[in-house]
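Structures are listed in the sections that come next.
Two complexes, one shared chain (subunit A), two partners (subunit B, subunit C).
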Partner chain A sequence: MGTLSAILVDAAAFSAWLFLVAVGLTLVFGVLRLLNIAHGAFYSVGAYVGVYAIGASVSIGWGTALQLGAAAVAAIAAGALIGVLAERCVLTRLYGHPEPLVLIATYALFLVLDDLTKMVWGGQSLYATQPRDNLGQISIGGLQYPVYDIALIAVSLMVALAVWYTLNRTRIGHCVTAVVVDSEISAAMGINVGRIKLGTFTVGAALGALAGALTAPKIAVSSGMGVEVIVIAFAVVVVGGLGSISGAVLGAVIIGLARSVTVHLIPEVEVFSVYLVMAGVLAVRPFGLLPPARARRI
Partner chain B sequence: MKRIIGRSTLSAAILAGILGSLCSAGPAEAQDKLKIGFVFFLSGPGAAYGSHARDGAKLIVEALNAGKVPAPYNTPGINGVQIDPVFVDEAGGAQKQLSEYRRLVESEQVDMVIGYNSSADCNAIAPVAEESRVLTDFFHCGNPQLFEDIDTRPEYSVRTAPTGTMDQVAAAKYLIEKMPNIKTVSGINQDYSWGQDSWAEFKAAMSQLKPDVQYPNALFTKLGTSDYGAEISTLAGSPSDALFSSFWGGDADAFALQASTRGLAEKSKFVLTMGTGIVDDLGEKTVVGSIFGARGPHGYFVKTTPLADWFKVEYRKTYNRPPPFGAYAAAQGIFGIKAAYEKAAAGVTGKQKTEAVVAALQGLTFETASGFPVTMANDNGHQAIQDTAYGIYSGWDKAKNEAIITDIKVYPAECVNPPNGVRAVDWIKSGFKGARC
Partner chain C sequence: MSRRRVDWTTVALIAIAIVATLSASAVPNWIRYLGQQAVSTALASVGVMVLLRAGLLSFGQGLFYFVGGFAVALLNRYAAISDAFVIVVVSAASAGLMAAALGAFLAGYRGIFFSMLTLAVSMVMFGIAIKVRLFGGSDGLNIGLMSYFGYRPRGSEGQWFSFVFCIWTWTAFAIATNIFLGSRFGRLVQAVADNELRVEFLGYSVKKVVYVAYVVAGILAGVGGAMAGLSARHVDAQFAYWTTAGDFIFVVLLSGQASVISPAVGAFALEALRSYASALFPDQWQSVFGGIMLAIVLFLPAGLDRLAVLAWRRAQNLRFRRGRLSAQESRL
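This part shows the complex of A and B:
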């Protein structure tokens, strides 16, 4: 029973983190049809900005909620700014070009941003554990868990709900859906397609940065950390179905569960469990478990 | 006519002078500097360690060039030649490092390379170093396989740090001294040669010293893992008496932070072979009661010698903190090369042949910044052995802003390193045959 509850809690906490890092990636793919490798760099920038925001908040005596609020706001602002610059300066010139070309451009963007983080913040690890320490521990199934890690599950669910609501229940969401289905017809109907693409990419970048800021209190923040994240985020969105928000939720849950089960029960295969799941899913469903519906063109 | 001859002579003299100066410029330039490639982790999780190594190397290079290092390294530069350092980031994996190494050799035309912390990188670079015939000092990677399996007849590769065998054997001895009734030990290590070898050697050493110990959990994680939640649950769910880890860099820091907040340290005694790095990075957030080592007698374990005291003072003056163990390791690498270089030169200043420097290093004993000398005793004189030490982190002295370390025990080099010509694992399994403790 103890092991089962530990598996489930660890899986939930890891899945929540996976969803946070993957949601921006899948959103951007869904609308712009581009695999944005630079997403890992947005995550890194968010983590660094989060560390500094938390440090500044602590030094002026703010409480835990304000520390986290400052980290989130600063990271979202930084992510959005970089997102706007990246979309306007690089990606907007590449829309309509072959996908491999755009993929390489986002990879180049990733390398540039990664080196910039090194230049700005140096190579040494930074820490901002105060909010996580302040929130204390909770006992579940006889094991201590940081309240912060459990709270991230709720934050992740809220982000999922907010993205789903925006896409399905708001006018702007309907415009985004229209652009996803057919950008030419959408433009003909009066939707500003360029602005929708810019907005989506900016939100995706801001979500990546937010994920970094919320992860920062748990880890040693260091340059190059985006590489690991982008690989696992791709695994999540591929399993769930590229471009599908509900797929990202399902992909995160499956991969989180796979990792937790293997760590607890068969640790020898933990290192490649994520990729084993991905290979298994793609063998059966090449477009992922919940691929977005596609309009049939006549 | 006389005038013409006079002009011609003058022109010829000027031309000869210019040509002479041009011809001599090349060799003079080459003789001016000894170009050394320094390869340390400068980004990513490894930078928590590598940036300290870079800081230590910079300090030593500048002080050597200025002739300000105390005896026995009080002559300027290396054998009177100024050092020209080129720093390279070790992050990016073995394939990238192979390209970087070739760039250092072919484009930068370095005279030698000092660096590499990752065992995987050392394994990849050593054969290329032999092909390139460039003296390469693997200053701190610890896998015994480097000279046991990968580069079995090293000519240009040397390692001025002991292998990790020393860390594992000393950790096992120390743990059993502190917990003689220990029943169970689990492990969490990185999933590459360093982590795998460390756990295998530690288990083998423990099995020799106390055969009835059980090992319920052996976890291996990817380098750069950020979330250890599931691993900590596994280790806390069925806690062992002790938890062994050879984690280093940002991984070590992240694991220590996450494990301590979840109370794992209260259930299992932490044994951290690279734990001094956690103390260096996390300070008072380090888990109180942890048994820790420093890949040698570095950091909090150093002796008092004029050289060791100078290094401590200069490092604090330059970087406003006590020197971390990465800085000691880098200093050791440079001092080893300087000692060998000057022995090879035998009083003749200037650059020496690489082969002569390597020959001089074989079997050499040289002084270090930690105060504990190193002897190039193993693998035909290409592999160092050194005393090592373990201790317990007992809290933070806020007044001095440094760690309180208790129960320090030093193990002689011949007690915890295999004898020359014996494979590390075979030596451990033989019951440490030939060890002099």
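This part shows the complex of A and C:
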């Protein structure tokens, strides 16, 4: 019984993290039709900015809530700024180029940004565990969990709700959906497609940075952590169906569950669990579980 | 018009190899080593180029580089085989088998699916490699001196042999790849990138073409890894890391895809850049690397060899026009 509850709580916490990491990626893919490898770099920039913001707010004596708020705001601002620059300077020139070329461009962006974080914050690991330590522990099913990890589940749900609401219940969201379905017709209808793309990319980058900042209190923030994140986020997005928000939720839940089960029951295959799930789903459904409708290419 | 056209790529490859062999004893050791590193990277990059012609970007060629390199190290260590020819054949075969096994799964995917799945597979391999004792963990394995048909040169003579061996291996595999790409089946690789449906309607299996391209790329990367291993006489798990595959992508992007020779130019530039990087900008390597990539993608997406191709065409056009002019004059 204890194992079951542990598996479920771990799965929920891990899924929440996975969703936070993957949502920006799937949003950008849905609208811009490009897989943004630089998302991993946005994540690490967010983590570093988060560490810095938490450190600064601790030193001026702010409380836990303010520390986390400062980290989130700073990371979102940094992510959005880099996102705007990247879209305007690089990606906007590449729309319509062959897919491998665009992929290489985001890969190059990733390398540059990853190196910049190293230059700015140095090579050694940084820690910002104060908010997580301050929030203490909570007992679920006889086991102790950090309150912070459980709270992240709520944050993740809120992000999912906010993205869903924006896309489905607001005017801008409807414009974004229109661009996803057919950007030419949208342009003919008077939607500024370029601005929608810029906005989506910026929001995606900000979400990636936010995920980094919220993860920062849980980990040792070090250079090179972006790569694993991009692969795992891709796995989540691919399992759910590229470009679909509900797919990202589903993918996060499935992969979170798979990893949690393997960690507790068969720890030897834990490293591979994510890839095994991805390979299994792709073998049965090549476009993921909830793929957005797509036209056949002739 | 029955005269067979001279294949200038093959001629150029053999000429490069002969010049390199003759001048090998005249150049300093570090340049020879640079050349060995460059041809190893170049051969693996040729594989990336083959896949890219099919419209597929592999982030996982480091995996086969790893397989090739460790085939050398393990044979050398546990089977006490030191013959360079045997070792290269076994490396090629093991990388080819690995690619044949993975290809069955990967050949069904295109675009970013293919890219990210190849990346995932090589990351799994890297994860295994740094943990397993057999592969020497993160320290890697050392490789003994090679022998060539029973002759085992030592010291500077050994370095000369190793250089010449690498150059000719590169030449042989590059020529083979050139023949493959020029064959009817090889031309289908490009066709897959252009329009898969039409290829299917012509009666060919797209999946088979992608599969074969993947295996060819795997073999090339395996041989490249083997050469890198026996040149440096050391292999480590870093071979399977994603940055290794990134190097190959960089090379193909920089040099372009016009011919199987092109990657050699890019690879030489990369190795030269890398050896100066530690002195000039030790901490900004990735930025420079990524910055150059971005610049090429934005301003010269066809790669540097595009310039060479344009110059070649211009020259041919000129010759053609002159020929026509003189023909008109003689008629008048």
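Basically, the second predicted complex is superposed on the first by the 293 of 298 C-alpha atoms of A that agree within 3 Å, B and C clash if a C-alpha of one lies under 4 Å from a C-alpha of the other, contacts with A are read in each partner's own complex, and residues count from 1 in each chain.
What we mean here is this: contacts are C-beta pairs under 8 Å (C-beta built on N, C-alpha and C of every residue); 3 or more make two chains touch, one makes a residue touch a chain.
For clarity, every value in this text was computed on a predicted model and none was experimentally measured.
After superposition onto subunit A, partners subunit B and subunit C are found to clash with each other.
When both complexes are overlaid on chain A, the residue A:Val90 reaches subunit C alone and has no touch with subunit B. Touch criterion met: A:Val271 reaches subunit B and subunit C at once. When the two structures are aligned on the shared chain, A:Lys118 is found in touch with subunit B and with subunit C. When the two structures are aligned on the shared chain, A:Leu282 is found in touch with subunit C, with no touch to subunit B.
When the two complexes are overlaid on their common chain A, residue A:Phe110 makes contact with subunit C while staying clear of subunit B.
In the superposed model, A:Gln144 lies in contact with subunit B only, and not with subunit C. Judged by the touch definition given at the top, the superposed model places A:Glu99 against subunit C, while subunit B stays out of reach. Legend: residue contacts after superposition of the two complexes on their common chain; A:Thr3 is shown touching subunit B, with no touch to subunit C.
The clash between subunit C and subunit B in the superposition falls on 235-243, which is one of the stretches 1-9, 19-27 or 235-243.
Contacts of subunit A with subunit B, set against its contacts with subunit C after fitting on chain A, overlap at residues 118, 227-228, 271. Subunit C meets subunit A in the complex at residues 52, 55-57, 59, 105, 108-109, 111-113, 115-117, 119-121, 123-124, 127, 197, 242, 246, 249, 253, 283-287, 289-291, 293-294, 297-298, 301. Subunit B meets subunit A in the complex at residues 41-45, 47-48, 50-51, 89, 91, 191, 217-222, 224-227, 229-231, 233-234, 236-237, 249-251, 253-254, 257-258, 261-263, 281-282, 285. Residues of subunit A touching subunit C in their complex: 35, 90, 93-94, 97-101, 103-105, 107-112, 114-116, 118-119, 227-228, 231, 234-235, 238, 242, 271-272, 275, 278-279, 282-283, 286, 297-298.
Of all residues in subunit A, only 2-3, 6-7, 9-11, 13-14, 17, 118, 122-125, 127, 129, 132-133, 137, 142-146, 149, 215, 218-220, 222-225, 227-229, 259-260, 263-264, 267, 270-271 touch subunit B in the complex they form.
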